[in-house]
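Residue numbering begins at 1 within each chain, and the chains themselves are lettered A, B, C and D in the order written.
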Amino acid sequence: MGAYFSEIFLGLKSLAIGLGITFKEFFKPVVTVPYPYKTLKMSDRYRGHIELIENEDGKPKCVACGMCQRACPSGCISLASKSVEYEVEVKGEMKTKKKKVLTKYDLNFTTCSLCGQCVESCGFGAITFSKDYNLASFRKEDFHFDLLNRLKERNA
Amino acid sequence: MSLTILNAVVAVVAAIAFAAANAAYLVWAERRGAGRIQRRPGPNVNGPLGLLQPPCDGIKLMTKQLMIPGGADKALFMVAPVLAMAPAIMSFVTIPFSETIVAHSMNVGVLMIFAFASLGGMSILLAGWGSRNKYGVMASVRAVSQNISYEVPMLITVITIVMMAGTMNLKELVAAQAGGIWNWNLIPSLSSPLMPVSFLIFFICSLAETNRAPFDLGEAESELVAGFHTEYGSMGFGLFFMGEYANIVIGASLITILFLGGWDCPLGLFPGVWWFLLKIYMLIFSFIWIRWTFPRTTIYGLLNLSWKILIPISLFNLLLTAGLLKVF
Amino acid sequence: MIKEKMIQALSELFPDPEPIVEEPVVEAAEDEAADDGKKKKPKKKVEPPRVNGVLERDHAAHGYDIDVQLDPGELLAAVMIIDKAGFFIESITGVDWIKEKQLESVYDFSRYDHDLCRIVVRTRTPRDNPSVPTISKIYPGASWHERETHDFFGIKFEGHPHLIPLLLPEDADFHPLLKDFKP
Amino acid sequence: MSGPIHIRKDETFTLNVGPQHPATHGVLRVKMEMDGEYIVKAETVLGYIHRMHELMGENRTYPQVLPNLSRLDYLGAMGYTHGHVLAIERAAGIEVPERAEYIRAIMVELNRISSHLFWFGAFVMDLGGFTPLMYAIQDREHILDLMEAVTGSRLTYCYFRFGGLYNDVDDDFINATRAVIPMLRKSLKKYDALVTGNIIFRKRLEDIGPISAEMCRKYGATGPVARGAGLDFDVRKNEPYSVYPEFDFDIPVYHECDSLARYKVRMDEMEQSLRIIEQGLDKLPDGPIMPKKKPKLIKPPVGDYYQAVETARGSFGIRIVSDGTKNAYRFKLRSPTYSNMSLFDEACEGMMIMDALAMMGSLDLVIPEIDR
């Protein structure tokens, strides 16, 4: 009989403690961020989709070596390049040299798993993560990013 | 007192309006309250403080298609939500908000409210059975056994009070408690020392009767998906929802009338009807507060609570009160 | 120590003439040496497939202690010994040795107590008709692992009560982890 | 609770719990034969989000598989990646700098806490209490912020590399972590008062869903499920790896075998993880986070390698059969919940559905990890 009443009493007490905790929380300030009206700043290392980095001339640093393409586990990077001849001054005389210039750098963000292997594999520091996370669309095609274009738009 | 047709129409319309407004804005209050408890704002986009949320929800529910699942019993499926709402509205007719504001004062008011409350269980049974859903059937069986076992301690507690006041008229029950807080039934008196316990029992039972958490076994969303209203959409679901909140208002009013002195004012600052409303909304807040604090009980835990704890204690209280009434 | 005991108990399953019992020991020693030297000697590669028997392995290098290879017929006996010694079943998987035209099913057992010992039991069956007795009678938990292995490799577990696809669709008639699987 | 005394075979019905059901936390389906509220027989059907990670592991080079591992278990991704890198390091013989190992341990433990916190919330939600989930998520958010600042992502980290780490932690992280620890301790006390002591909660879990030690052994259950059955088994202690031998921590073991025991194990484990993080921060040595010489292409020598780690859900095993090329010949993932879930069919027989679902919650299921 004693156990019966003590169980009722202890049960009621535990319920009261619970109610006390939620009552205290009731008066504490709200912790959520009303997302579309207010946004949080992403941390410096936030890994969004990748973005090309420009050099001093506003041209992409990328030398189109294709390392990122090979490193990508999902095969979502595709790039194309063409050879361009250019003149450079070596020891006082002008010489014609060939180099690869990036003509296309497509990122298929629908299959990207944001692992960062591409950025790590890049030996030239030519790609970086963007801080872009407000990505939503009804069309798949919106996530086939043309990074060269994005770079141009950024510069413009 | 004779009831003219005009009187009746006005009473029913007022009751429906009160029930509907309460149901709509209690949903809002519940969501805001839950939000505050969980430290988030709750609905706050539609209108100031999200006050336009209930009309938006209502419009959404009304414009949705009413789907009747294949193989369902159409008649029962359609009747059940109406049956959930109607008794709740009918019960409002007899509830006295103050000495004068009452649609129709009956001398069996308590009995009438309990009679209508039992119909609520019926609607759940029909909804679960009629929608041809296994979850629905399981939930309705649960809900009915729950309703039956909780009506017993509830009625025993009411008998205690009726015995003390000597009337079943709700108005007279309040009148019997007039004259200050110490006269309320909540406060133990010489003839009924266990009244706070009775209050607690009645409070728990009204939680269970209205299918509120932690006794919401009828809709137990984590195991029975949505329980008896799994198959309901659009306004069918809306009616169940409104019925639930209307029942909460009735439960709170009944507690106020039976234990908290109805419109009796402890300080007398403003008219009694405001005190009455204040009391019921305080009780409703505690309902909301409890819902967002506790996990759900099990069905056997629920029945154990009723048959092993609430009924013996309330019976004991009844006998004690009867004996003491004889003595004093 | 449980390791020595288990090696003893499992070795008794191979009562063959002495040279075969000897051989695994030699191989084990060689294997250790190979691990230490990082690079396998070229002659290792042309060595014939492993002979059935018990091998002791270095836990630090391989992650398991005892490596048993046996015929499917002896599997149940070995698993019963392991069960009696109080091991729990960790996983069952397969490996497709397509060059040798064999399918290997691999059983991992480990212990709950601090006497660390992981036993790997391997058994090979021909690739064209892979069939291994089920151990789900001894370890009911093996049932799912065997169904999974059946899904992926098509190894039939004889006597399994419910050998239907678990992870693959119910009507799957392909075995994706076979090396000649073309999606 | 025992089952119904008398079952008539012709009076049972089949109830499909899932693939879409609030209690299964994903796309798991349990076909239950019911007699009223009692379960007569249950059969779990898996594979609704089976993605064949093992085949991907064979088709891709070793570094390319790295992101896959965090897709196994989205709540405790670090632990799984840890197992993977340790296995490859064991196979290829790569030395890991000490600092990297310490950071790994800190990260794994942080992730374990965040996983347990989310489980705690989801579990109480299974039982019908919604609010603890929100509190748990608030606390988890602090941990995710910490981890985001270092790793760059919030859920699927891909932070460990063979031989080291993707990037180093800074003082900000260390200070922020030190600040978060007492806050979490306070929250754990709050949960204790709000949930653990609650009579309704206890009544729902005590003596419900018994899983005995012998059953654990027969089904290979590990992690909190085994520890709730009185088995003192934690890979961090039993088969020490990484820098765990350096830390002083206890393995919580409860002998009640019921759902409450499993709940308590996890709640105590959070405290132990906090202790490990504290010690890790104190002991964190200076130095590089990547080895000086690391093979450009990872080609483990021919052989068969196994690595077990203790994740939030139990012992995760990874077996790599290498044929000496840059792809694995066989890439086997032994997921802990797969084994833990396999005993559900037997354990839930004769239980009532709400108890069975409470027990299912106490197993801490993450479906992508079961289906792989």
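The rule is short, and it goes like this: a contact is a pair of C-beta atoms (placed from the backbone, for glycine too) under 8 Å apart; a residue touches a chain by one contact, two chains touch by 3 or more.
On a predicted model such as this, the values are computed, not experimentally measured, just so you know.
Chains C-D form the pair with the most C-beta pairs in contact. Distance between Cα centroids is largest for the pairing of subunit D with B. For this pair, subunit C with subunit D, the centres built from the Cα atoms lie 26 Å apart. In this assembly, the C-alpha centroid of subunit B lies 65 Å from the C-alpha centroid of subunit C.
Separation between the centroids of subunit A and subunit B, computed from CA atoms only, is 52 Å. One inter-chain figure worth recording: subunit B and subunit D are separated by 43 Å, centre to centre, where each centre is the mean of the chain's CA atoms. Across the assembly, subunit C contributes no residue that touches 2 or more other chains. Residue positions 15, 18, 21-22, 25, 31 of subunit A each touch two or more of the other chains.
Residue positions of subunit B with contacts to 2 or more other chains are 37-40, 292-294. Chain pairs that touch one another: A-B, A-D, B-D, C-D. Those residues of subunit A that touch subunit B in the shared complex are 8, 15, 18-19, 21-23, 25-32, 34. Within the complex, the subunit D residues that touch subunit C are 46-47, 50, 52, 54-55, 58, 87, 90, 93, 213, 216-222, 226, 231-233, 237-239, 301-308, 315, 317, 319, 321, 329-330, 332, 334, 338-339, 342-343, 346, 371-372. Across the complex, subunit D meets subunit B through its residues 1, 13, 15, 21-23, 34, 36-37, 124-131, 134-135, 138, 194-195, 198, 200-201, 203-204, 352-355, 357.
Subunit B contributes residues 33, 35-41, 44, 289-290, 292-294, 309 to its touches with subunit A in the complex. Remark: subunit B residues 34, 37-40, 134-135, 138, 141-142, 213-214, 216, 220-225, 292-301 touch subunit D in the complex.
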